[in-house]
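Next come two complexes built around subunit A: one with subunit B, the other with subunit C.
On to the complex of A and B.
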């Protein structure tokens, strides 16, 4: 048989279908079956989790309130040159009067006012005041009537703010979240003493790094001990790691609150031992010390468990070989054992860092004002200041940091290899 | 490190013992905060520290009054029943969806496996405050904010990654030829699933369900934003208690929660031993 005839014989199954087609069909059926198994959860996560995150991304840039409430003014303002330093023309005031009459009837003018107030303080009261008066405005000479209602309408900066935020999308929240603002000379950072968010991001990063390093220092010896002990005793000691891991976060936080107070167990013991005087009790809570101690305790198991699973796989024969060739204990550890544990340190550090950077509950309860994280500020903007756009922008920035770390973790460890308990 | 050889030098001996002392101190740091609240919860006074009576083991220094308060105070009772209503429902949803999806994900022909896996695991990685913010924004649009099902859905979403991870881990050791054998003997896919596959992956499913349960039962950030007063859970009540009027009843609740976590831990450990024995990994 020559090569040519061989190529022409197509392998078929019993019913005459080419084998390749038949295999492809079977594979497709399997693919569809596994996709159908995953589909319900995928849909569920899509609705309950992915769409909410997408909604947050949308809210961090959405700005349709100004163009929706003041549509005529927005169109009329396109003619006005914001750098002229002069008030807009009578046409703009006429358009604004019409928009404001409709908005005041629907009571939406205050919402525009509070939205623009985030950008330029004072606008909220300007809109509220004008909204009450605009119903009685007469036709003609709107400029004078607006100026009579509130002289701030003559301020070109008010008009600049309205024009700046008249497009349906804005980068304003992100600028605010990065402590920047738009000035006539372009985007500029705020003066250094007003940079609260960059400062908070910086503090969150520094505290998270501190917590991660403390976790490495405390977790490494424990993981080393657990991996070198015989199975029975290491299982027993493992309970000491797993019990805090399984205990409610709030239980552990309340325990630290009890322990670290001025009149708490630790201070009482120190006073009783005579290490500190009764009048100079240590301030261990409601500051950064409190946050670092409590969060190190809470996140330590997340460092120990990955380290332990890496160390368990390192054969003790390497150390023995190094020592038999004349290495000292320390040299054998540092040059032979330690390099093999670096993947475990990497995995544990990224895990602890990701978890700590987004922490909210513990800093809120034991951090006071100097130990709070960016998350606490996000929560503040959602529930108290109601500036949801800014909260969303801060959230997106935090999410971006976490996503980069998540990607790193996936590259280094693989998300399938996450070990639990 | 396991045992000190008889020929160890003085330096080695010192290091050996000081290392053990260091480890002992770290273990103490880990376990002490969890254990210290247990005796404090029996304090007869409304203090958060050991009273002189307690230190001298005077029975008058101890009482059950904080437990009594927990079981009679309507705030705590409502919170407890809300937790009991929310957590099991979230667990059922998470375990049901998660187990089925994990089986699909473990099949070798699953298209776009790693991308889907990354999306399904993401609720575990995204900081809770961000999930909470996004859910608050989105659920208020669709009218789920402040409802029982809104909280249950959110908690189920947070719990599914754990189910997926534990069940896929169990499925790695699962012999697919058993499914083929069952089909060969005439079982339909549903029978195969419940009679062959399910009993073998059950330990993974149960430990995933426990993780999902504890995620929901402990969760406070999302419920804080998403829930209304009628969904106030136990952690929420503890959180407000700790932030505002700090009352020792919290310690009684905390002790009860520690007891629950000990039970969960025991169940998980038994499951782990069983699955190791089944796979022939464990020597004992």
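On to the complex of A and C.
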């Protein structure tokens, strides 16, 4: 009974369509329109941001090439005990001969070789050499034929490497990116003289923090000056801040080379003034000092601009009020003015820090050996060694570090507390 | 109506010009003086002989390996012929990114009938690689800063007592570790055997460690000439052509130390994944650009030695400076009294491993 009365009270529009449906229909059109408006941006972010990151995550673990190129060998190797210290059986060699013949015909054997060479130097030429010979292999006694082609096939370590990297996904790139490797006794750090990535991650973080701090120290007074001067002169100063911002990065970096080198302008001036001796010229470039100076200069506008726009919004009456109530200049600044600029410092710091953590060209040019960043190694693996898996793993770790720091920042300072103006 | 006819006319015109337009061929090289020497010696005569071809120069050789792989993965190879150093050619060949070349079919024989394979000889270090020039990595020193006893021996680089001042070395292990071992008393022919052991690598790094504080590490070949010209370094390694330009064109007080120069090769590869027409066009260009006369012509513009034996007697004078080029070639007998032969296979295997160790050592 109650149901029926309820049904009768459904509101309808004039043409008899229930009101709810009619409203939903009208709203749907609106929703589609707004979705279409957002779609270009959404697609852009998807294609230029989400997909590359997904691809990077995928590459950092994928290892299809070994099981795809050597399928029979991978299966045959399952029987072999990698800790026995002996060569695998004839069956494995027979399987490898078949795989290699197919791979050599398709010219993919050298690709597996270079993939495995990242793990054990020497495998690239082993596969290259054997690929040339394998076409002429006869049936039977493959072990002897392989050993004749290259005696390194008798090295159990080669087989251990193949077996270790025979699954379609591998943690090997991440281990390498953390200076570790898998040994028969489990995962261990590499020998001292081969560890480099964790050290470089540490240096990248420390130098980026240093650069951020110097940017705050240098940028804060400038932003303060800019915001307190009358519009005319502050505009002129603003152009001076922006001018280097508009100049090519390479030009600015090269200019620093001219200024900072030992026979450069700064050292020449200091020697001429008698402040330093001719034989004790300062080393200002090709080291960490060079990286910090050049990058602070390049990133300074990213600190000044948010600081300036936040300071612009702070009314001068607050300071006057504080002083009228007896606060000293310093006390008024520290307790009244400074807290209001923290959102600007936060925004500037995030910008400068995140930009500098991924910088690569400036450290490469002025950093010498003690001023290079982790991104320089990533670039090396992308463009020279072609070890994109390792580059991707390093990139993922860098991304993870940035996200952890972002989370920490949110916990400590609060991300709502960031203002770009 | 009027608009329509204009559109039709425009479309017809566009279609017409495209059809009449020359066939584009993108050739990738290193830029600077090197690209212009190729432009003068190869591209211009080739385009004059083949009016249907339009050569576009791209200066991306430094990133060629990575870019070729990216293009290959994307399935859109836009380059036709690429100039790379031999070690990169080996890597590209291994990765299946470069076409295999048959020297007898794809390359021209020497004028006296010697086959291309014999004319290039040992320099055909990879199946995919067509050598073009022999260059060397060697040292230049400031003549005004070495006193009355200019260095004649590679080990002067490690002698900071006799030659105080900074040195410029490449920020890579290649060449540096070999020189270090030679100056540590290892015989030339044993260098790679020693380097194959962990102790050998340590020994090379220890020797480099004796001058570590006196070294400015370069990553681009143009840095050393600049550092020498500014007086930042007293000696430094770079490619011999760069030093030639510094000494003969810029007239800087610098001289060559040819001792223990390391020969290396630069040449062409053809990327895989080209359409049959483009592949045929690329091979036709290669056949022309690597013949005996063309290789000898290039030496008129830059001081790199032609890779064919038959080209050497044809090397003439510099096109602008008018000086005899033969004495400036790294292969000239006077310069090549003591040379070091670089082992490609060894480096192809060990490059990444040794580079990691070297960078770890540098960073400490």
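What we mean here is this: the second predicted complex is superposed on the first by the 353 of 421 C-alpha atoms of A that agree within 3 Å, B and C clash if a C-alpha of one lies under 4 Å from a C-alpha of the other, contacts with A are read in each partner's own complex, and residues count from 1 in each chain.
The rule is simple: contacts are C-beta pairs under 8 Å (C-beta built on N, C-alpha and C of every residue); 3 or more make two chains touch, one makes a residue touch a chain.
Keep in mind it's a predicted model, so treat the numbers as computed, not measured.
*Asks:* Kindly classify A:67 by the partners it touches after superposition: subunit B alone (first), subunit C alone (second), both, or neither?
*Replies:* Neither: A:67 stays clear of subunit B and subunit C.
*Asks:* Looking at A:168 after the superposition, I want to know if it touches subunit B, subunit C, both of them or none. Which is it: first, second, both, neither?
*Replies:* A:168: touches no partner chain.
*Asks:* Is subunit A touched at more residues by subunit B or by subunit C?
*Replies:* Of subunit B and subunit C, B contacts more residues of subunit A.
*Asks:* Of the two partner chains, subunit B (first) and subunit C (second), which one does A:240 touch, if any: first, second, both, or neither?
*Replies:* Once the two structures are laid over each other on A, A:240 reaches subunit B alone.
*Asks:* Using the superposition on chain A described above, determine whether A:199 touches subunit B (first), subunit C (second), both, or neither.
*Replies:* In the superposed model, A:199 contacts subunit C only, not subunit B.
*Asks:* May I ask you to decide whether A:259 touches subunit B, subunit C, both, or neither, giving the answer as first, second, both or neither?
*Replies:* Only subunit B; A:259 stays clear of subunit C.
*Asks:* With the two structures laid over each other on chain A, which partner does A:370 touch: subunit B (first), subunit C (second), both, or neither?
*Replies:* The answer is second: A:370 touches subunit C but not subunit B.
*Asks:* Now for A:382: first (subunit B), second (subunit C), both, or neither, which partner does it touch?
*Replies:* After superposing on A, A:382 lies in contact with both subunit B and subunit C.
*Asks:* If you lay the two complexes on top of each other, which residues of subunit A touch subunit B in one and subunit C in the other?
*Replies:* Touching subunit B and subunit C on subunit A: residues 261, 263-264, 364, 382-383, 388.
*Asks:* Under the touch definition given earlier, write down the residues of subunit A that touch subunit C in their complex.
*Replies:* Its residues touching subunit C are 107-108, 110-111, 113-114, 117-118, 121-125, 128, 193-196, 199-200, 203, 261-264, 286, 364, 368-370, 372, 377, 380, 382-388.
*Asks:* What part of subunit B is in contact with subunit A in the complex they form?
*Replies:* Residues 1-2, 12, 15, 19-20, 22-23, 26-27, 29-31, 33-34, 36-37, 40, 47-50, 93, 97-98, 100-101, 103-105, 107, 109-111, 116-123, 125-131, 133-139, 141, 153-154, 156-157, 160, 162, 164-166, 168, 207, 211, 214, 217-218, 220-221, 225, 235, 238-239, 242-243, 246, 250-251, 254, 257-258, 261-262, 264-265, 268, 272, 283-284.
*Asks:* Give every residue of subunit A touching subunit B within the complex, in rising order.
*Replies:* Those residues of subunit A that touch subunit B are 27, 30-31, 33-38, 40-42, 44-45, 47-56, 59, 218, 221-222, 224-225, 228-232, 237, 239-244, 246-259, 261, 263-265, 268, 297, 300-301, 329, 354, 357-361, 364-365, 375, 378-379, 382-383, 388, 391-392, 395, 398-399, 402, 406, 410, 415-416, 418, 420-421.
*Asks:* Which residues of subunit C touch subunit A in the complex?
*Replies:* 62-63, 65-66, 69, 91, 93-96, 100, 166, 171, 202, 216-217, 219, 230-232, 345, 348-357, 359-363
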